[in-house]
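In what follows, chain A forms one complex with chain B and a second complex with chain C.
Coming up: the complex of A and B.
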């Protein structure tokens, strides 16, 4: 096992210790961190590893959350299946987003059209109020993970931790396979990659679909976390939050995504009491990171040990 | 009814045109799309508010001062935040501009919280009635100012030496440096000019809509839509795009569904980028390997 993979040993420790050391509120923050870890990992896949400026993340997030919520409220579907449905819905949304990238739309055009996609979805949530209850928000019934009712933060913590570990590990495996190498190669030089006989369109789609699914699952988790899904959670301000997490952690790095998500969930929570201060702090952090630490927090770790560098092969 | 919609659409569109134009100026000069532009526009409007309400200045000097403040801010942004990351990936500029906008928005919210402010009226003018049409003083003022600004701008761009310099730097930065153009100062003044124009847009908007920290976001999207429709990088296109967008919003809102007003910009963006990414006046870019 590589040196970095020894981190996985920490997980049972974390799993056992944290719920007993923290109160309900702190556990809620930790759960939020887990959700955002998935959000960031998914987003980083498209922005960092594939190198496309595709800001459709809030669209995936919202689609995941609303899919889970709607299925649970109107069809009484159990939470586990709702998570799967969210993953699928997110994947479909990812596929739709990939179509624009495949047509050759790049850089700022791609950013704008994916932002537009996200905002269109938000308009749908807002105005489809027969189904989504519009700006009142859609309250989900008590979710149950198989036989465990998720009525307090502790069971949610275990469920979220399980999901997060599984999805992050799967993404890590993806990036260490031929698919991951193809994706990174496309980022570095698309024309050269194509000239090597690699089907770039296929791998762009794979990256987008995977990202959409991961963030869709995160959306389903988010629905369980906040118990009431609002359109406002998936707007333009939210995409900046996601973007910030990717940047601060380190683009293209899964470890970076985790770090970014943890840092940027904890800090704004503390500053939520002063309106506007959290946004201000957020912007300032990103500006500072861009100026002084462009490769993100993970670059600090890389200086300590090269084990943290992103690897694209399996040992 | 149709004519009234067209008129109000043109007035709204004139503002969008101004914002799109200011974004295009920065884009043409520095190939950076200022994703935070909406928040700078908001800052311009708030600057006037502060000057008029808190410092008691009369409206016109306050407006001029606010534009000047934003110009200096633009220079500062270019020098302090854009220049240092010049050697990084292009995506870094987008991130930086978003973050700066975000800082401004957070700052405004910290200072003024959730309040929404009405701006003082510019003219106490009776609306003019032309038959069935109602033309408000504000609308006339906006259209007039925008028309003047645009004319001045186009004159500078295409008729003076400075305009030629701008085009030269856009076409080849290295070449411009070689012939002795101070490219850095150029970038700084273009950022300043772009932000100053954005501030003008903010000042013009504020009297007809309310002032609040989130004012920026809606204008950013309209600016993008106008730029996309008109063709990225085309100055005339930005203006035409803005006007068309303003009018389209009014039509969609009146004839189809009022809910569509918010979303017209997004629909325009998607439609244009799917059908004809170059927009109306943009050049189709061929990438050479």
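Coming up: the complex of A and C.
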């Protein structure tokens, strides 16, 4: 485990090297990766760790983005508070989604009800145009992180990196504890989990709320990244993209989430120069990975070192 | 001696089907109590009713003097009634160690905030749990397979891990649903030996469901016989062996 923790040494290297190697566009792509890392980590918690087919995460993402945008535009609150508000809003949405799972709506039924919820939210953004400006999108004022104006990709990069590292580390702490074990044990055998004195309903709620908050924060970052929030950023296609990131990286693995988010942000972006190729490639990557690496890209790392196997405790 | 578990007229009704009818007995600490009966007699239903997985329609159940009827499975378990499952209740993707750690959940005293922020008190509580889980596996000679996912273990090893996980919090009462089914005869004997030791040396009250009559006769102190949901006999092995009603239920003669 300690060997795996050396990955953290990479973070300062990344922080120092990337901004000086990349132009404004590449830095934008890296910032998008950081946003999608949180999206995938949050989504994976419900899909991979809790094992519930809930697709409400893209809706949490939109709720986070619109919460931040609306509060900044209409209430003029600082960006830092908008991030906190997005985390809370995402958590509340996560709680609502957990109620459906607790009511015994599972599997395909949970899948379809959460997909419908996502479409409903998109409809709300589209038709709540007095507030959301509908399909024109809601332009946000230039955000500042405390006293740092986020007026170019470089300051955004450092703020996003800080947020991503903190949230991923907190999520990792949570997963490697009695709480993370309770969540995974519910996936593996819900009935026998209760026989160990574990209040299963409570941990289903914890998983959904945490997932919603993480993705809500990603939404607030996304709002700052694109500076104008559109309903189409949270549609069905995006759900597929986010789900693809989870599958390509590896379900139930935090390292996998990071890999999936990076891969499926970078490759389609690269192939955008060949019109039509990016969508095609997106599909091809998912098919190839599912065929040859059903446990995702992280399984390649597991072959190199068993330290990459997802563990639910810390030495 | 005050009984560990008191059942008084416990009945379970599945939409008209009487799965358990008026079952009454007391189970004690340090005693191995076998529950036997033909298929469909209500043995697992009895365990499900005691552990809260199936609501009892009538009657009262008390554990160490406190009522447990109507409580949820996790509440009954937290009070100290722990069980295993006929088809195995392990978490297959987790390692043996992680399974036992999950069994220690209620004993690991770490707060949500402490865990998320990685505070020392939370890390220490986790570390204590980890050390205890390793010790428990070592005690049962399972130390070597501690870090393997349980889905890769043999059936016998899986049973052992499940028993260790169930025992981790030192519960006063253990319900074992067919603990030796699918085990080789030497493993079977070893498991029965462990069960006898847990009752004899640790003073744990054990109830077990078992089909192999020889094991039941040699390994248990008291036998409860169920037939069509009714308790038709209760007593030490010698008495049960000679009980006419039991012979009829099993062999079907008049």
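Note that in this section the second predicted complex is superposed on the first by the 310 of 315 C-alpha atoms of A that agree within 3 Å, B and C clash if a C-alpha of one lies under 4 Å from a C-alpha of the other, contacts with A are read in each partner's own complex, and residues count from 1 in each chain.
To be clear about the criterion, a contact is a pair of C-beta atoms (placed from the backbone, for glycine too) under 8 Å apart; a residue touches a chain by one contact, two chains touch by 3 or more.
Just so you know, these numbers come straight off a predicted model, no measurement behind them.
K.L.:
After the match on chain A, would you call chain B and chain C a fit or a clash?
P.N.:
fit
K.L.:
Please indicate which partner A:200 is in contact with in the superposed arrangement: first for chain B, second for chain C, both, or neither.
P.N.:
Touch status of A:200: second partner only.
K.L.:
Touch check for A:243: first (chain B), second (chain C), both, or neither?
P.N.:
So A:243 only meets chain B here.
K.L.:
By the touch definition at the top of the document, which applies to A:182: first (chain B), second (chain C), both, or neither?
P.N.:
Touch partner of A:182: chain C, not chain B.
K.L.:
See if chain A has more residues touched by chain B or by chain C, and give me that chain.
P.N.:
Greater contact footprint in residues on chain A: B.
K.L.:
Does the superposition put A:191 against chain B (first), chain C (second), both, or neither?
P.N.:
both
K.L.:
Check whether A:174 is in contact with chain B, with chain C, with both or with neither, and answer first, second, both or neither.
P.N.:
Second partner only, chain C.
K.L.:
Could you look at A:13 and tell me whether it touches chain B, chain C, both or neither (first, second, both, neither)?
P.N.:
After superposing on A, A:13 lies clear of both chain B and chain C.
K.L.:
Please work out whether A:21 is in contact with chain B alone, chain C alone, both, or neither, and reply first, second, both or neither.
P.N.:
It touches nothing on chain B or chain C.
K.L.:
Who does A:304 touch here: chain B (first), chain C (second), both, or neither?
P.N.:
neither
K.L.:
Using only CA atoms and the superposition described at the top, report the least gap between chain B and chain C in Å.
P.N.:
9
K.L.:
Show me the chain A residues, by the header's touch rule, that chain B contacts in one structure and chain C contacts in the other.
P.N.:
191
K.L.:
Where on chain A is chain C touching in the complex?
P.N.:
Touching chain C: residues 169-170, 173-174, 177-179, 181-182, 184-185, 187-189, 191-200, 206, 252, 311-315 of chain A.
K.L.:
Where on chain B does chain A make contact in their complex?
P.N.:
Listed in rising order, the residues of chain B that touch chain A are 33, 35, 81, 84-85, 88, 90-92, 94-96, 98-111, 113-114, 213, 217, 221, 224, 228, 232, 259, 262-263, 265-267, 269-270, 273-274, 277, 289.
K.L.:
Provide the residue numbers of chain A that touch chain B in the complex, in ascending order.
P.N.:
Going through chain A, the ones touching chain B are 53, 100, 103, 105, 107-109, 111-113, 115-117, 119-120, 123, 127, 191, 236-237, 240, 243-244, 247, 274-284, 286-287, 290-291, 294.
K.L.:
Touching residues of chain C toward chain A in the complex: what are they?
P.N.:
Where chain C meets chain A, its residues are 51, 53, 72-74, 77-78, 82-83, 85, 89-95, 97-98, 101-106, 108, 110, 112, 115-118, 122-123, 126, 129-130, 165-166, 169.
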